[in-house]
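Note that subunit A is present in both complexes that follow, paired respectively with subunit B and with subunit C.
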Partner chain A sequence: MSSLDLINVVKRFGELTVIDGVDLDITEGEFVVFVGPSGCGKSTLLRMIAGLEEISSGELRIAGNRMNETPPAKRNIAMVFQSYALYPHMNVERNLGFALETARLPAAEIRERVTKAARFLQIDHLLDRRPAQLSGGQQQRVAIGRALVRQQKLFLFDEPLSNLDADLRMEMRVEIARIHREMKATTVYVTHDQMEAMTLADRIVVLKEGRIAQAGTPMELYERPANRFVASFIGSPRMNFLPGTLTQDGEESVLTLFGTPHRLPAHDYAGEVTVGIRPEDLILGGGEVTLTADVLLVEPLGGEALVHLNVEDGRSIVVKVQGKPDIRPGATTSVGWNHTRANLFDKDERALSRKGA
Partner chain B sequence: MTSGPMRIGLKATRARTAWLFLAPSFLVLFAVALWPLGRTFLFSFTDAFLTQPDLYDYIGLENYFTLFEDPLWWQSVRNTLYFTVISVSIETALGLAIALLLNARLSGRGALRAVILIPWAIPVVVSARMWQWMLHDQFGIVNHVLKLMGFIDHGIAWTADPDLVMPVIIAVDVWITTPFMVLLILAGLQMLPKSIYEAAAIDGVSQWRQFTALTLPLLAPSIAVAVLFRLLDALRMFDLSFVLSSNSDDTKTVSIYAREVLVNFQDMGVGSAASAAIFLMIALVTAIYLTVFRLNRKLLGA
Partner chain C sequence: MVHSTTGRRLQRIAIYGLFAVIALYTLFPFYWMIASSLKSGQAIFDVTFLPDLKFNNYKVILSDGVFLRSLLNSFIVATSVVALSLGLAVTAAYALGRIDFAGRSPIMFLFLAVSMFPQIALLSGLFEMIRWLGLYNSLGSLVFAYMIFTLPFNIWVLTTFMRSLPRQIEEAAIMDGCSPLRILRCIFLPMMGPALISTGLLAFIASWNEFLFALTFILTDENRTVPVAIGLISGSSRYEFPYGAIMAASTIVTVPLILLALLLQKYIVSGLTAGAVKG
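Right after this comes the complex of A and B.
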């Protein structure tokens, strides 16, 4: 196990700054997920940790030692690639053992480690096959196995599941969680799928345009997003946003939504705001703040349903309700929420906190 | 069940359309390849002469006996095989080296790639003439430069010296056709997935081992195809040897031998027998090569 420290790390490609001063301490055994939309720099950051991209400025430390100039092979890392990067001309057994073979380990030990990893990943019946003869999920298991046999202290995963179909993705997600539980190796995992991030991570790092938008536990990010970007990125279906203005009135704040004032606990801010409420926090026909809305569409998902509504200025919002709602498209209803479940963002899209909170 | 007969009808129509589209190319192929080849085999069993090709008798295998008893035929076979093996080997090694160099991230790679193709773009006869002049024993630039640098006192007769002429022809062939090898191998190199090299770098696989354990086996099919093309070309080499040293027995290839018998001696029978033998020789070499390669791939499990 290794700790990993990024200190004001920057990556430039010519004029373009892709990673713009990232600071992050990852403790031993932690499972950290980098998440963000495409182009946010998450894969670049991972490749910088791996040594596949040079670090323009700042420092990378693994187990406390500066690694900026260390070649990938000497960083004691193992990496799983999005494309699996299996050696196409070698069978599964050789793919798994190739790094050990290169490191001149005794043949008996190579066989032992390969067999163990293959059994652990349930690919021991595939050892004679070549990558082209395997399904995507099996190839992914081999790629993970190749990383496992090296028994390194730091695991890097670069979007390992994005080439798999939904079922397999779920299955492999459980598998990766199991591997982490049993190996306890420090893990950095890159994905664009917030669901993977939520289910796997000890800590999620949301990246936006080369900067950390927020880092924290999955529930922290879900409950207290630091800005509108994180609020909209984490959670599915995504958070609803409504424009409003916030004014001060003595000990209270007043939130004006579509011309109607609503009294709120005091905030240290006045001006334009965005109100963010998650679909599951909206209540049909109730709540401390209510709006009238037209029902656009009801999507029953079995155990729950998504109700799409049009609120006053034609903006559409989504409500998640349990069971099957007794409501039809075209009907008019009221929708509301309680103050504690609403997130307020200032005009710079930063989250507002309540006075004294 | 109406769908059964209907499907067959559809299939038949499609087959007929396919044959219709293929017919023109079959016709052309027959006219320019199969018919002449058939005629060549036919004439190889006759005593026809080029002056009166319509007057001939069938004489069985006699032309082949004449051919196989001629020591010059066997020398030209040896010359051809020697030229083929040496030049194709050098071109493959050199082509691989240059392709690897061009595949690296080099500044001005595009320009280099274009420049390297020039020798291959020039018609062989033009290249041969050019080299003939450069290698001229009195006025050639090669001797001039060597003299200036003090390596030699007198001009060397590059294309007249029986010990030098074959190496010279091989060198010029290498100059002309290495670009072709580079191009084919480079195309193969660029198909290799980049991520496996990143995986190998992280796994601590050295550059040399990446080359021997990853690049070479994955590149083998591309190299094999390139070598096959070059083999076929080199086995029927005519122009280079004909221009650089037209009458020397030391560089006579089978193609030159066949032309000599057919045109100079007007002996259509033996000339055709030589042509047929060349055809069979190339077919045999190709068959052996493909078999070995396929076997090799099977053994490697590729």
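Right after this comes the complex of A and C.
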């Protein structure tokens, strides 16, 4: 196991700055997920840790030692690639053992480690096959196995599940969680899927345009997003956003939504705000703040349903309700929320906190 | 319905007709060569399409020490050219296809430009170089000269092929601790098999058949390669031209090429098209 520190790490491609000063400490055994939209720099950051991209400035430390100039193979890192990158002309056994072969380990030890990893990943019956004869899920297991046999202290995953279909993705997600639980290796995992991030991570790092938008546990990010970007990125369906203004009135703040004032606990801010409420925090026909709305569409998902509503000003919002709601499109209803469940963002899209909170 | 089936039938007849014409056009010279080589003496001047199945010409040519020697020479030259040009082309292709450095495209175009000169234009300059290197009248001169037209082609094809190989496989090998040479040897070379076979075979054929350089750079019989040796086969008197022996020699020379091509057929096609489709 190994800790990993990024200190003001920057990556430039010519004039273009892709990673713009990232500071991050990853502790031993932690499972950290980099998440963000495409082009946010998450893969580049991972490749910089791996040593496949040079670090323009700043420092990378693994287990406390500077690694900027260390070649990839000497960083004690194992990496799983998005395309699996299996060697097509070798069978599974040689694919798994190739790194050990390169390191000139004795044949007996290679066989032992390969067999152990193959059994662990339930691919021991496939050792003679070529990658082309395997299904996507099996290829993925081999790719993970190739990383496992090296018994490294740091695991990097670059969008490992994005080439799999939904069922397999779920299965492999569970598998990766199991591997991490049993190996306890420090893991950095890149994905654009916030669901993978939520379910796998000890800590999520949300990246936006080469900077860390927020880093924290999944629940911290879900409950207290630091800015509107993180709020909209984490959670599915997305958080609803409504425009309003916040004014001070003595010990209280007043939030004006579509011309109607609502009294709130005091905030240290006055001006234009965005109110963010998660679909699961909206209440049909109740709540401390209420709006009238027209029902646009009801999407039953079995155990729960999504109700699309049109509030004033032609803005639509989504409400997640348990069971099957007794409501029809075209009806008028009221929708609301409680103060504690609303997130307020200032005009710079930063989250506002309540006075004293 | 009736019309469309007749139309289709006509179309099919036309296709097979065209096929027959092309087959006749390309195969008849071969057939004529083999048929002539199997006739003996004066029979060769009669226009008969069926061969006599007389092997006199083959006996004559195979007992000719100079011809056999030239066969061996051709084999040595062609295999050396294949080995050297593939070795150099693979390493060059790795650099040109995988490593970013300034002047990469100018170098590629230089290779292409080099291969555009007609052979005859290179002849006198090349002759000077070979004299200067002390290679005149040795098989080395031909190996050296043939690299001029095999290398650019091989580098070009292999570079394209190398670029089509997925980058992540190379990166996986880097993470697995491979040096560039080990990546080339253990990962890229096996994956490039079809491309190597097709470029190697084309280099072999080109060197095997080359005439002009072989005529110019070789002085003595014992160093001749097969195309020139055939060209210099002469009869017992200046009034006799040994067509039969020449045809027999030509047949013997062609057979290895045909065998090679048939043996490696499936690789040739996949090798030459592999770069075209993204894998």
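Rule of thumb we're sticking to: the second predicted complex is superposed on the first by the 357 of 357 C-alpha atoms of A that agree within 3 Å, B and C clash if a C-alpha of one lies under 4 Å from a C-alpha of the other, contacts with A are read in each partner's own complex, and residues count from 1 in each chain.
Everything that follows uses one rule, which is that a residue touches a chain if its C-beta (ideal position, glycine included) is under 8 Å from a C-beta of that chain, and two chains touch if they have at least 3 such contacts.
Quick caveat, the model's predicted, so the values are computed rather than measured.
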{"item": "Simultaneous placement of subunit C and subunit B on subunit A, clash or fit", "value": "clash"}
{"item": "Touched partner set for A:Ile234, first subunit B, second subunit C, both or neither", "value": "neither"}
{"item": "First (subunit B), second (subunit C), both or neither touched by A:Ala213", "value": "neither"}
{"item": "Winner by number of subunit A residues touched, once subunit B and subunit C are compared", "value": "B"}
{"item": "Touching partner for A:Ile62 - first (subunit B), second (subunit C), both, neither", "value": "neither"}
{"item": "Which superposed partner A:Ser83 touches (first subunit B, second subunit C, both, neither)", "value": "both"}
{"item": "Partner chain in contact with A:Asn91 - subunit B first, subunit C second, else both or neither", "value": "first"}
{"item": "Which superposed partner A:Val321 touches (first subunit B, second subunit C, both, neither)", "value": "neither"}
{"item": "Doubly contacted subunit A residues - partners subunit C and subunit B", "value": "50, 52, 72-73, 77-79, 81, 83, 85-89, 98-99, 102-103, 146, 150"}
{"item": "Interfacial residue positions of subunit C with respect to subunit A in the complex", "value": "166, 168-169, 171-178, 182, 186-187, 190-191, 193"}
{"item": "Touching residues on subunit B, where the partner in the complex is subunit A", "value": "193, 195-196, 198-199, 201-206, 209, 213-214, 217-218, 300-302"}
{"item": "Sites on subunit A touched by subunit C in the complex", "value": "50, 52, 72-73, 77-79, 81-83, 85-89, 98-99, 102-103, 146, 150"}
{"item": "Residue ranges of subunit A touching subunit B (in the complex, touch as defined)", "value": "50-52, 71-75, 77-79, 81, 83-89, 91, 98-99, 102-103, 130, 146, 150"}
